[in-house]
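The letters A, B, C and D name the chains in turn, as written, and every chain counts its residues from 1.
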Amino acid sequence: MPLRRTLVAALTAACLFPPLAGAAETAKLTVTGASTLAPLVSEIAHRFENANPGVRIDVQTGGSSRGVADVRRGIADIGMVSRVLKPDEDDLTVNIVARDGVGMIVNTANPVDPLSRDQVIGIYTGRITNWSQIGGPDRPITVVNKAEGRSTLDIFLEHVQLKPTDVKAHIVIGDNEQGVKVVAGNPWAIGYVSIGTAEYHAQAGTPVRLMALGPVVATTGNVANGTYGAARPLNLVTAKPPEGVAARFIAYSQSPAVHDLIHDQYFVPAPR
Amino acid sequence: MTNLHAVAELHRPPVDEPGPAVPLIRARGVSVSYGARRVLGDVSLDIARGSVTALIGPSGCGKTSFLGCLNRMVDLIPRCRVTGELRLAGADLLDPTLDVVALRRRVGLIFQRPNPFPFSIRHNLDLPLREAGVRRKEPRAAAIERCLRAVGLWDEVHDRLDHAAGALSGGQQQRLCIARALLLDPEVLLMDEPCSALDPISGATVEALIGSLKERCTIVIVTHNLAQARRVADRCALFWLRDGIGTIVEQGTVGQIFHAPKSEITAAYVRGAVA
Amino acid sequence: MSIDALRRRRTARVVDAAVWGVPAITVAALAWLLADVVWHGAGQIDLAFLTTAPRSAGRAGGIAPMLVSTAIVVAIAVAVALPLAVGTAVLLVEVLPPSASAGRWIRRSLDILAGMPSIVFGLFGNLVFCTMLGMGFSLLSGGLTLACMVLPILMRAAEESLRGVPDGCRRGALALGMPRHRAITAVILPCGMPGIIDGLTLGVGRAMAETAALVFTSGYVDRMPSALTDSGRTLAVHVFDLSMNVTGGDRWAYATALVLIGLLLVTAGLLSLASRFLQRKGAHKP
Amino acid sequence: MTSISSRRPAERLFVTGLGLCGAAASLTIVAVIGVTTVEATPALSVAGPQAFLTDDGWFPLSGRFGLMPMILGTVLVSLGGLALAGPMGIVSAVFCNHYAPAAVATAYRLLLKALAGIPSVVYGLWGLVTLVPLIAAWAPPGASLLAGILVLALMILPTVAVVADSAIQQLPPALHRGGAALGMRRHTIAFRVVVPAARSGLATALVLALGRALGETMALLMVTGNLVQYPSSLFDPVRTLAANIALEMAYAQDIHRSALFVSGLVLALLVAAALVVAEVLAPDGTRHVD
């Protein structure tokens, strides 16, 4: 009787994995929030766990707004927020872990370089629709924009002084990787993504070229030294000033001990 | 074997053992309707223990419906209503509180198309036995052999009992179904045109089998084949449509029906068919 | 030969070509897609990849915890959804009369369920299982959420399969004096088993490939789970994370996807063997 | 008179169990819709339900909640995908049962089942990296209704094919033999006898596939361009309701988040509407004992 067998298997599984009732752990932290930050924080957590036996840190994703909401409701100890906190979020304690610059990318087949801020505005408002209008070949421009609410969109819009409703895009994307792949696959597309991501792909041979969003050259170095303005903070937030293990974990995340991990994720350690 | 009989007895509700004069099955004014449509009206028929009764007549005049009443397979038909009096060994077959499961173990049914389950031959035969509570393997094996021998299938299949029943020929399948019905030692075996889907040779084998089954149980057989009715039956009942409703126009021994019919319909039907 | 006959022969040839053409296109598209995955991913796969934990957010090390989490989550989903689905299908086909409005409503409700996007299941599971029922981010929450998701697939497949069981089997079983519930469990369900297994294969495939519903329920933790109440990242979530959130994770995403596809092929193969075995035991269609 | 009201306790228990299964199964949708409705209520009460249908544009942060372009986008992508995958899936099933040699059929079936288990993000990546650039070279921007339809068709093809295959396999072989005995050609038997005879199962296959299509998220998010607009051609980008949720949920708060749940609710209504249409167009031939 397959049904019965399935049930038996399920029960066996339940016995093999009994609920952890009162197991020997001294502290458990739950961290939720931005998926951009999750791989980094997850790696930091592994290293922290190894250094502090008995501590367990569960990292969950779901977006920056979830990080804020979960911390406020007490579901999570720490929230990951990949943007500047909004005025109505000043009840939270903010700890910046890393920074992430935003730069324009085009395909390597595209000869147009550089782009002025006005030209970018022209492209994103639909005034410039063909690369020939700004010295390129006669090809229609494919404008890649981010979805409403994304923090890179906010930074971009702030930088070019546009409202969301002004933008005339052809493709709307979610994550940075999607932006890179769209531009890599379409020689006449333009988009904006995390500088670290773009740098990695440019080095790895993906046909994308990074361009500055403003006068300063777009490099992670310039983001690190603070000269490149279009960058977002990657934050760990708590409802109250952090205490105990949470405080230690946040301090650890901001310490030089994890800078290699931050570089591994192509972000920039935040200046202390 | 003794075990099986004991089990079969257990499942047989105690009934008053009728005297030889009392018929095993007694129908009085039985009518069947499907919704508003009446298909069988006012059927009265006695069937004696140990006899073979053939229900004959053209298609669509209620023979199968009547058969369905005898083991309450009509329950499966939505909005089917049966009225009148129908008794098996004195027990009321139309009692809505009757245990139909127990009834169907006493009254077996063979379908027009052989319907072995899509399992192995052994599993086909094991199922009803296990269902009747025969837990141990040996009595089951013994019963299977006994019944397969009874239908003459043992020599043909004993070395491939674990093969698919569906791989058997049509005639073998039908004999397997009969063996399956015999396992529970039914008092009555209902057969709904058991040979009509078979080739003549398989049909003849099954027909011969019916003769040998007489000693084990009472048989009621629906058939369109008048020659077959003459060969296997003791008594015949001719069903006929009257005003769109099936009923019995004449019943009697095979001799009466075929050689001295009282009704002109019978005479014409028998003559037309004989000629 | 008449023109009519010629035309008919031409139609036959066109139809035959089309019937061979469709699988050819499908195979070509799949081969293309698979080749893509193999090309990018095969280089990363070795024994260590299957037996060690991930390092550097998945760009080193292996996927062992994800394999275990996936197996547990899918097992929970099947263990919960399969009995429910088969029970519901039996109810619809064998118990309720075909005209019953209850049956129609159950079927409709499951059809609507089948069309809900998986992210809605994820948010639902998060709210109901993780928060309201207090299971937190756990394999259990994930499994239960997946169960809700695959329920319509399993139910529809089981229902269709039971409808295909020949009436002869049904009546035969009842005429043998089997009570209805025994006729169903001993005869009708075994007859319908191949179709139920086909549905199960689809359901398991869907469950193994699911991402959005699990991000919010079984979670993101890439540790080897030690309890059903632990959070655990499944293979599909890992693939998604590597390809969307981890810069430079593409090759590892493809490698993980390749393992996932391999795992599914093995599961589908085993299930189809089981189905074949059942059919060989029966091998008959009256 | 049916045995639903049996006097046997075992059977009564059995039927009760089945009833509970059915109840639990149908309660699932009530719970899912319930949760979605509760979450959607703030946006519905602030903006009013009609705003979601009549507003011009989708700018939830600026209080504009027009879902109509996305409703149309969802319908077009799903129907397009089904229009491709439906016939192809059915032909695939016919191929397995009536054309292919046994070994080929076995291999093909396994292949289809493998297709069903590829995570949608892999379909999405493939579409994004391979298919979209091909279309872009021809008619930019590439990410389009067409790309969505093609990827979706490939994704739901196995659902149609596997369920249709089951349905056709279960038909009595007598049907096929009967056709052959009448001197019918193979394709006539397959498409004039077998397919019509299996229509209940084929309808199930299509309904399941449509469900999958309407709810598909990740793959479409990567290839359709996600632009909220009424497409004027196959090469125009569109956004589907499910992609809308996945795209914006991560950063959405308050009314914006609630508005995304309205997308989910609208999607459920869309599925219900599709079912009504399906029931009207093809009243299903549910058979039963007798």
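One rule holds in what follows: a contact is a pair of C-beta atoms (placed from the backbone, for glycine too) under 8 Å apart; a residue touches a chain by one contact, two chains touch by 3 or more.
Going by UniProt, the chains are A = Phosphate ABC transporter substrate-binding protein (PhoT family); B = Phosphate ABC transporter ATP-binding protein (PhoT family); C = Phosphate transport system permease protein PstA; D = Phosphate transport system permease protein.
Note that the structure is a prediction, hence the values are computed from the model and not measured.
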Chain-contact steps, minimal, separating subunit D from subunit C | 1
What chain pair has the highest count of contacting C-beta pairs?
-> C-D
Maximum distance between Cα centroids and subunit B occurs for chain A
Any idea which chain sits dead centre by C-alpha averages?
-> C
Subunit A to subunit C: how many Å between their CA centres?
-> 32
Here the gap between subunit B and subunit C, centre to centre from mean Cα coordinates and rounded to Å, is 46
Whole-Å gap between the CA centroids of subunit B and subunit D = 49
When you check subunit A against every other chain, which residues touch at least two of them?
-> 35, 62, 174, 178
Residues in subunit D with touches to at least two other chains are numbered 2-3, 8, 125, 129, 246, 249, 289-290
Would you please write down the residue numbers of subunit B that are in contact with two or more other chains?
-> 76, 78, 101
Residue ranges of subunit A in contact with subunit C within the complex | 1-3, 6-7, 9-10, 13-14, 17-20, 30, 35-36, 38-40, 42-43, 58-62, 75, 174-178, 194, 196-197, 200-201, 204, 264-266
Given the complex, residues on subunit D that touch subunit A span 57-62, 125, 128-129, 132-133, 136, 140-143, 221-222, 225-228, 237, 239, 246-253, 256-257
Per the touch rule, the subunit C residues reaching subunit A in their complex are 56-59, 72, 75-76, 78-80, 82-83, 86, 126, 131, 137, 139, 185, 193, 215-216, 219-222, 225-231, 241, 243-248, 250
Okay, in this complex, where on subunit B does subunit C touch?
-> 71, 73, 76, 78, 101-106, 108-109, 111, 113-120, 123, 127-128, 131-132, 164-167, 177, 180-181, 184
In the complex, subunit C touches subunit B at residues 97, 166, 168-169, 171-179, 182, 186-187, 190-191, 279-286
